[in-house]
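Labels for the chains are A, B, C, D and E, by order of writing; each one numbers its residues from 1.
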Amino acid sequence: MPTHNDLIAVAPEIILTVAAGVLLLIEAFLPRVRRYASELSALVVLTAAYARIRLDLPGDVWGGMLHIDRVASFVDLYILAAVFLSVWMAGAFLRRSDADHGEFYSLLLLAAVGAMVMASSVDALTLFLGLELLSIPLYALNAFLRRVPISVEAGLKYFIVGAFASAFLVYGFALLYGEAATTNLVTMGARVVEAGGLSPLAAIGVAMVIGGLAFKLALFPVHGWAPDVYQGGPTPVTAFLSVVPKGAALVALLRIVDGMDLLRLSHEWVVAASVVAVASMTLGNVVAIVQRDIKRMLAYSGIAHMGYAMLAIIVAGAEGGAAVLVYLAAYTLMNIGAFAAVALFSESESEPHPISDLAGQGWRRPIVALALTICLFSLAGVPPFFGFTGKFVVFRAAVNGGFVWLAVIGVANSLISAFYYLRVVYVMYMQPEPRRAPAFGRAFSISWVAALSAVGVVVLGLFPTPVLTAAQAAILNLVR
Amino acid sequence: MNAIPYTWVLALSAMLFSIGTVGVLLRRNAIAIFLSLEIMLNSANLAFVAFAYRFAAEPGLDGAALAGQLFVFFVIGVAAAEAAVGLALFIALHRLKESIDVDRANILRW
Amino acid sequence: MVTYVFLVAAAVAVLFSVFAIALRSPVLNVLSLVVVFFAMAAIFALLGMDFLAAIQIIVYSGAILVLFLFVIMLLNIRSVERLGSGRALQAGLGALTAIGLGIAIVAAVSTLSPAPGADLPGSAAGGTVVLIGRALLGSHLFAFEFITLVLVAAIVSAVYLARRESR
Amino acid sequence: MLNDHLLSLVTLGPAAFALLLALLPARHPRVHRWSALLASLVVFALSCLIWVRFDPNHPGFQLEPPRVDWIPQFGISYHLGVDGISLLLVLLTTLLIPIVILASWTSIDEHVKGFHICLLLLTTGMIGAFVALDLFLFYVFWELMLIPMYFIIGVWGGQRRIYAAVKFVLFTMVGSLLMLVAILYLGWFHHQQTGVWSYGYLDFTSSAPLLEMAGLWSPQALVFLAFGLAFAIKVPMFPFHTWLPDAHVEAPTGGSIILAGVLLKLGTYGFLRFNRALLPDAWDFFVPAILVLAVIGILYGAWVALVQPDIKKLVAYSSVSHLGFVMLGLAAGTVASTQGAILQMVNHGLSTGALFLLVGVIYERRHTRLIAEYGGIAGVVPVYTGVFLLVTLSSIGLPGLNGFVGEFLILAGAWSGHPWAVVGAGLGIIFGAVYMLWMFQRVFWNPLDNEENKDLRDMNPRELLAMVPILVLIVWIGVYPTTFLAPMEAAVRALLVP
Amino acid sequence: MLGSLWLIPILCLAGAVVNLGLGLLRARKPLVNLVGVGSVGAATVATFIALWQYLHQPQTELIETYFTWIAAGRFLVDASFQLDPLSAVMIAFVTFVGFLIHLYSVGYMHGESDAGYARYFAYLNLFMFSMLVLVLGSNLPVLFVGWEGVGLCSYLLIGYYYEQEWCATAGKKAFIVNRIGDFGFLLAIFACFAVFGTTEFRGMFEQLVHDPVGLSTSATLIGLLLFVGAIGKSAQIPLYVWLPDAMAGPTPVSALIHAATMVTAGVYMVARCNAFYLTSHTAMLVVGIIGASTALFAATIGLAQNDIKKVLAYSTVSQLGYMFLAAGVGAFVAAIFHVVTHAFFKACLFLGSGSVIHACDGEQDMRRMGGLRTVMPITYWTFVAATLAIAGIPIFAGFVSKDEILAKVFEAGAADLNHFGRIYNVLWLVAVVGAFLTAFYMFRAVYMTFHGTFRGSEEARSHLHESPWTMTLPLAILGVLSIIGGVLIGFPGHLFDRPGLNAIDGFLHPVIAEIGTVDHGHEAAHAVTLEAEWLLLVASVLVALAGWLVARRFYTASDAPSLPERLGRRFPFAHKALMNKYWVDELYDGLVVRPIYRLCMFCWQVIDVVIIDTLFVNGAAFVTELTGDFLRFLQTGNVRNYALSVALGILVLAVVLW
């Protein structure tokens, strides 16, 4: 029977799950309340976050399947923050897109539960299940605008590549299970370390598992889906998709890489991971330059950003781990802010979002434009924004770990990235509004999300200590 | 009685995995791709089963052996869930395009 | 004896899985896959995993594949493309990759000693069902509960996606 | 009490004012102009107070606000301090801001609020970079300047403003990002040596052992290059200078003044403060290279300036030449040349700032900066001509005006160690006169043959008011530079002779 | 006044500042006169008070330090003035001649607009200020302040008629050529700092006197660098090209700056720094050679000029050459003496020419003058007096000083000074030829301008008039000084065995450093006997007379104009070369100006625009973008490709990790 601790530990997940169910019921039976689904879900998310903050973090629960500690708490909170911002902007968005269905919130909340479980899993099984709970709603959410071809196409692509990748993940787990005779990740790591190296079986297993997780991160070479899906999916989903799965997957990846101590165990891993990191950064940034659609551009930028995060994964350990967490937090805030702004600066979901449409909006919509600007500068890694803090800790970890050259490549890539982030900014502020300006909607809630994210980016950029402290304290529970 | 070496099972699993992968990569029909995916999942199951079968023979690893079997159980469950969503997606796609040829889903590119 | 049964089942599985991916008729694909799943169930049983063999047949053959058939009928898909049609590079590279993966796994497996396995200890009386049942409500309770969420999510998704627009 | 927070007030004050400005409605540009002017004057007044409270005999950092842990995990703290080297540059910055606001009074008529917010934020960045005593903090301030300047050029600039703005940012970032890695590396090294995380400037100067220096590929040399590239681009040294003409030409008058007056100084300041002080071995190693680049810069800037058809571009290239002198002074490394270099930073800020202001004055009237469009306007706008002449003379280093003192000290200080560099730089003085006077002739002298110039308005009181402080200082520094040389002597001595 | 020498230049500066203000306020001319002339007048009075006090002082050298100007590191430069015999002589004649020229300008410039008039006087006052600072400065940097200051004023005044492009260009040319010289000067200052640790004259000279052998190399370097400065300022070969062009300024400016004062600054400076030249034989020799060549070279050009001011300009260049020649043989006193007398007669000549030009309504071509002697007698007689002086006709001012120079040069040759006797012999010969040419072209000018008949238009003839008193008074004063000035202050007493009568020699003697190493070969005093000196004197008089007579033959005889023309046809190349001033300007244009311009264009258009910006900067951006444009097509939009890359990636990773 589940103990008190077991239940306490997953209380936020329970809250979200129940809410998801309730929202479904409301959708079916209470059409009046339906309008407030967005606000309700936001409230629920806050409640869950509150629960996560107030309740104990008991550590191993559910027979060692989950490990609810400060890492879990850290990741959960940022997942919840992302979900909060996503659902908050979804209301207005869905109404505008004529797809105001309550399932959206249920699915989003369930996906969040999946991500949270994935991030706190210490067992391959729950990790896999969490990943699936995260993925399955997202398949549907990407195709949520059922009548919009690009949305359905996005859902389909995400589904096919996603299912393919999770097949690899499962197979990888099978091999690792065969190697280590356990599905517990910690034990698995310990066995690999004991063995003093990767056996062929373990090597294939690790490759498959990492490949499966890397899919979520959209790292090169498993990044292909990202631009298409980002561009096609509904913007709040894109915002969610661009941060939540990545967070959960990064933590899982960190758990595995660090648990197996791949940094020391396998030189090949370091080389391969470096290549992946560098290729992701470079490809993402270089191709982002030539994009004309802002969502697609942000997708490529996301690929590049995961390349940066990969640097920290390579370094691993307390330093790299903390860097991953901080980077995640930063990435989440600025990315959601950017997507919120993009959601505002769009005429219709079925249309592309050309950057040129933003011309002159800097002065027409000062607050949103400023928020977008701040988020973009933050993404470019310009101080004093939070994104800079993220890059700083990542590069710092790389330098301290002896990977100075990786840091140099990283900064070179930051430079390339500045090029296209700046373009959006100059289009907004420095190009005149076209005679026939696109008719952008005005959604209060979405503006708020953008503004809130931007404020967060600034405040946390100026005072990153709480996040750093939390990340550093948290990571001690995770790393070896 | 049980004299089958578990590596044989693993070899079979590898072959099925390979065949499944070929199917995913070489078919254009979404349903066929999905069928291939199921083969891949099943090959994973087979691998789990093979190891579980082996661990059952090792002293002290019966817990691990059970865990493997359980994993298979859950994978089957997940496969069912994926099937539901996937097929629904195909229906939605078909509704829009009158086709489930994935090569024709290429509005989004470059 | 057991070995022969296994080999036959394995051969059937491989053969029919090739059919499943190579035949042009979707219905035949699905039916081939049913055969594959049956063969696999047989292997499960051979290896002493009676419970898994059962649900393999019930869930896969009975539920999932029926669903496939249902959709194929619904969408009225008759005959589709040959295996590997489309771009040659994709086909060639895809086949090579897939075979490479298979070879890699086989090569890795070949480093292991081909020891035989055994039935799960303690499964003698009621088969593995008891053990699995206990585990599902014990050590794996969370996963067991959790997969319901996965299924719920899948159902909600599927219902939403497949539903005709009401408005 | 005030001493404790004076520096913080001056540094962060402008940003606070910018926030206040952001809260005011955008509808009334006059309100923004006046408030920004008032704010900048307050900041200037406060910085004068720094000057008063500054003890010139003390070589170290002064008026440090209480050190506050900022990111204690990494040993990063909010730590400011001013010494003789940064004192003048801070004052220069705070002086130029009100002038910039006055100069932009009518020329900026769109998005007035945004302009002043950018300007004030920029001020914080610039002052902060001068007074930061933590490498991380320095970097933050350094990059903080980027965004407002990007907007100032890009939004209020000329025809090719976007190209110029992007070029400015990308050039700057090329250097600064590598500098970030270098800072990280220094921090790591400090930790290796002492077991303590710190990016504090003083921790790197005081007793810390130096990075290994053995040839080009040793750590200290590479860190030097990383810092050096950032600063060389900012200075700008040949061949990293091509962003400057574009940025200068496209920026609005105020932006050009800031750019030339202060931003470029951050490059030379950085060389002195970081490359020279923190990496002395590598500095010695690279001195010949710096000298060569400095002399090339002096001559090259002058040569290219000579053939510019656009006044602003000419002045921009003249900056390359002038900053070459500063680099020469720094590279020569004697007390005199270094003091001269610092003074020359101020001088260049004043003269070139004034030149840009003056170009802006005429641009506002005629909307062209092409030299060929003018000619013979001396009689039409006598006051303007006089002021322009004085500034021109200051720029070409006429003795008795400020430019001479700086160049003189630089060259005199460099002579004993590097006579050939001085000879090269001396040729630059000749060319300096050539391009400035030729431009002066073609604009103010020669026949008045363009109808449109016949009824140009002379400078108005506002424009004169903006110029007066600069003119006063041009003469003051020229005649009695001791006022400005004395406070920096102790600090320079301490830096050069540790 | 002693103790507040600063007052002298400051008065002028104040005048300049006030006049600038008046110019902006467009004040009336009388007020400007009051300020402009008044301030210089006051300065002149102050100067003479100071000098009077100084002469009644026991010490010979007086240094007033006002404040520390530049102090950094080892460098200390005081803002300080020095009054010693040399600067005393200089300030005396600078203020005096300057005052006269101010006065003259009142008449000459009365046609200008009010604003222009004030501007003119402001510049003129500023010039006085600079010149006084130059002369009074007690160290090289302070001297340099004045040095560049006079350059600036020269620039402004030459470009006074700025709306005429050639005037503006001439002004610019003057400044830039001066800058080239200043470059050497600056390097000399740095070298002084490096060698002596100070640039105070007294300090440097003490060290030189103390250790002339050890410092001789440094002295050579510094001496030559200083001389580069002097070459620029005093218009010697090869930097003389600005001075003829400088005639673009108003004529009083030419008189004041380009004849009497500024251009002699180089001579003054060399004399001031005599210790260097006395220490360094090489430097001294170079000074002499450059001086002599310039003297001859400019004189030859002067032969063929038709512009009256150009003639005077080249004569100035030539005379400056004599001064340097004097310095080049160590006769610094003679050099300064010639500076003073030259100031008298050359100012007189220029002002006279100004008066002529004024009368001819701006006409400067002598071919359209003639016969003016009757119309403007005062101008004529003063002009003749000055011409006699410059030609070296006995008792006139120029004779005394020039003859002293020639004598010293001969003496140097005879005494084998510093073992360069042969060279000095040649220099003497050159100088004598120069003297002949000087007499010739000056009288040519006189004859062409004042004798014969008026060759201008009828309309111009009706305008001819004598100038107002403000112009003729200075002319008269200067004319008188041209006659007696030389004998008055520098009577060649030694010829009559009464060296004490040579006031300036005695007065300036303390300024000349006592350097032990100067090798006079034979005892200088006895190298040339008194008889020989007399002989030389007679010879030089004969030379001068010959020049005069030839000019007379050429330009007043019945076949006047045809004789030189025939000569020109006989030697067409020589004539062309002289007419075109040896094509030096063209040469510089082709060898220096154009190549530099092309270099500049190359730097800009090729290095900056093409190589750095296009190739590297935009090229990098372009390549990045191109790569992006290429890589984006990897993103085919085909989901199976994505799946393939997943599988392939995992396979590769597995193989790597194996």
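FYI, a residue touches a chain if its C-beta (ideal position, glycine included) is under 8 Å from a C-beta of that chain, and two chains touch if they have at least 3 such contacts.
Only a predicted model underlies this, so the values are computations on that prediction, with no experimental measurement involved.
Enquirer: On the document's contact criterion, could you list the chains that touch subunit A and likewise touch subunit C?
Expert: Shared contacts of subunit A and subunit C: B, E.
Enquirer: List every chain that touches both subunit C and subunit E.
Expert: Looking at subunit E and subunit C together, the chains touching each of them are A, B.
Enquirer: Highest contact-pair count belongs to which two chains?
Expert: Chain pair with the maximum contact count: B-C.
Enquirer: Using mean CA coordinates as chain centres, what's the subunit B-subunit E distance in Å?
Expert: One centre to the other, that is 99 Å.
Enquirer: Roughly how far is subunit A from subunit E, going centre to centre by Cα mean, in whole Å?
Expert: Centre-to-centre distance between subunit A and subunit E: 78 Å.
Enquirer: Measure off the straight-line distance from the CA centroid of subunit D to the CA centroid of subunit E, and report it in whole Å.
Expert: Going by mean C-alpha positions, subunit D sits 38 Å from subunit E.
Enquirer: Just how far, in Å, is the C-alpha centre of subunit B from the one of subunit A?
Expert: Spacing between the chain centres: roughly 26 Å.
Enquirer: In subunit A, what residues contact two or more other chains?
Expert: Residues 125, 129, 132, 136, 139-140, 143, 146-147, 155-157, 160, 164, 168, 175, 200, 203-204, 227-228, 419 of subunit A touch two or more partner chains.
Enquirer: Please output the residue numbers of subunit E that touch at least 2 other chains, ranges allowed.
Expert: 621, 632, 635, 637-641, 643-644, 647-648, 650-651, 654
Enquirer: Can you list every residue of subunit B that touches 2 or more other chains, as numbers and ranges?
Expert: If we look for residues of subunit B contacting two or more partner chains, we find 10, 13, 17, 20-21, 24-25, 28, 33-34, 45, 50, 54-55, 67, 70, 74, 78, 81-82, 85, 88-90, 92, 102-103, 105-109.
Enquirer: Who touches whom among the chains?
Expert: Those chain pairs satisfying the definition are A-B, A-C, A-D, A-E, B-C, B-E, C-E, D-E.
Enquirer: Which residues of subunit C touch subunit A in their complex?
Expert: 104-105, 107-109, 111-112, 138-143, 146-147, 149-150, 152-154, 156-161, 165, 167
Enquirer: What does subunit D use to touch subunit E in their complex?
Expert: 167, 170-171, 239, 242-243, 245, 300, 303-304, 306-308, 334-340, 376, 378-379, 382-383, 386, 393, 398-400, 404-405, 408-409, 411-413, 415-416, 419, 422-423, 426-427, 429-430, 433-434, 437-438, 441, 444-448, 479-482, 485-486, 489
Enquirer: Of all residues in subunit A, which touch subunit B in the complex?
Expert: 124-125, 128-129, 132, 136, 139-140, 143, 146-147, 149-150, 152-157, 159-160, 163-164, 167-168, 170-171, 173-175, 177-178, 181-183, 227-229, 231-232
Enquirer: Which subunit E residues qualify as touching subunit C in the complex?
Expert: 638, 640-641, 644, 647-648, 650-651, 654-655
Enquirer: Would you pull the subunit C residues touching subunit B in the complex into a rising list?
Expert: By the definition above, subunit C touches subunit B via 2-3, 6, 10, 13-14, 17-18, 20-21, 26, 29-30, 33, 36-37, 40, 43-44, 46-49, 51-52, 55-56, 59-60, 63-64, 67-68, 71-72, 74-75, 77, 80-81, 83-86, 90-91, 94-95, 97-99, 101-103, 105-106, 109-110, 112-122, 128, 131-132, 135-136, 140, 143, 147, 150-151, 153-155, 157-162.
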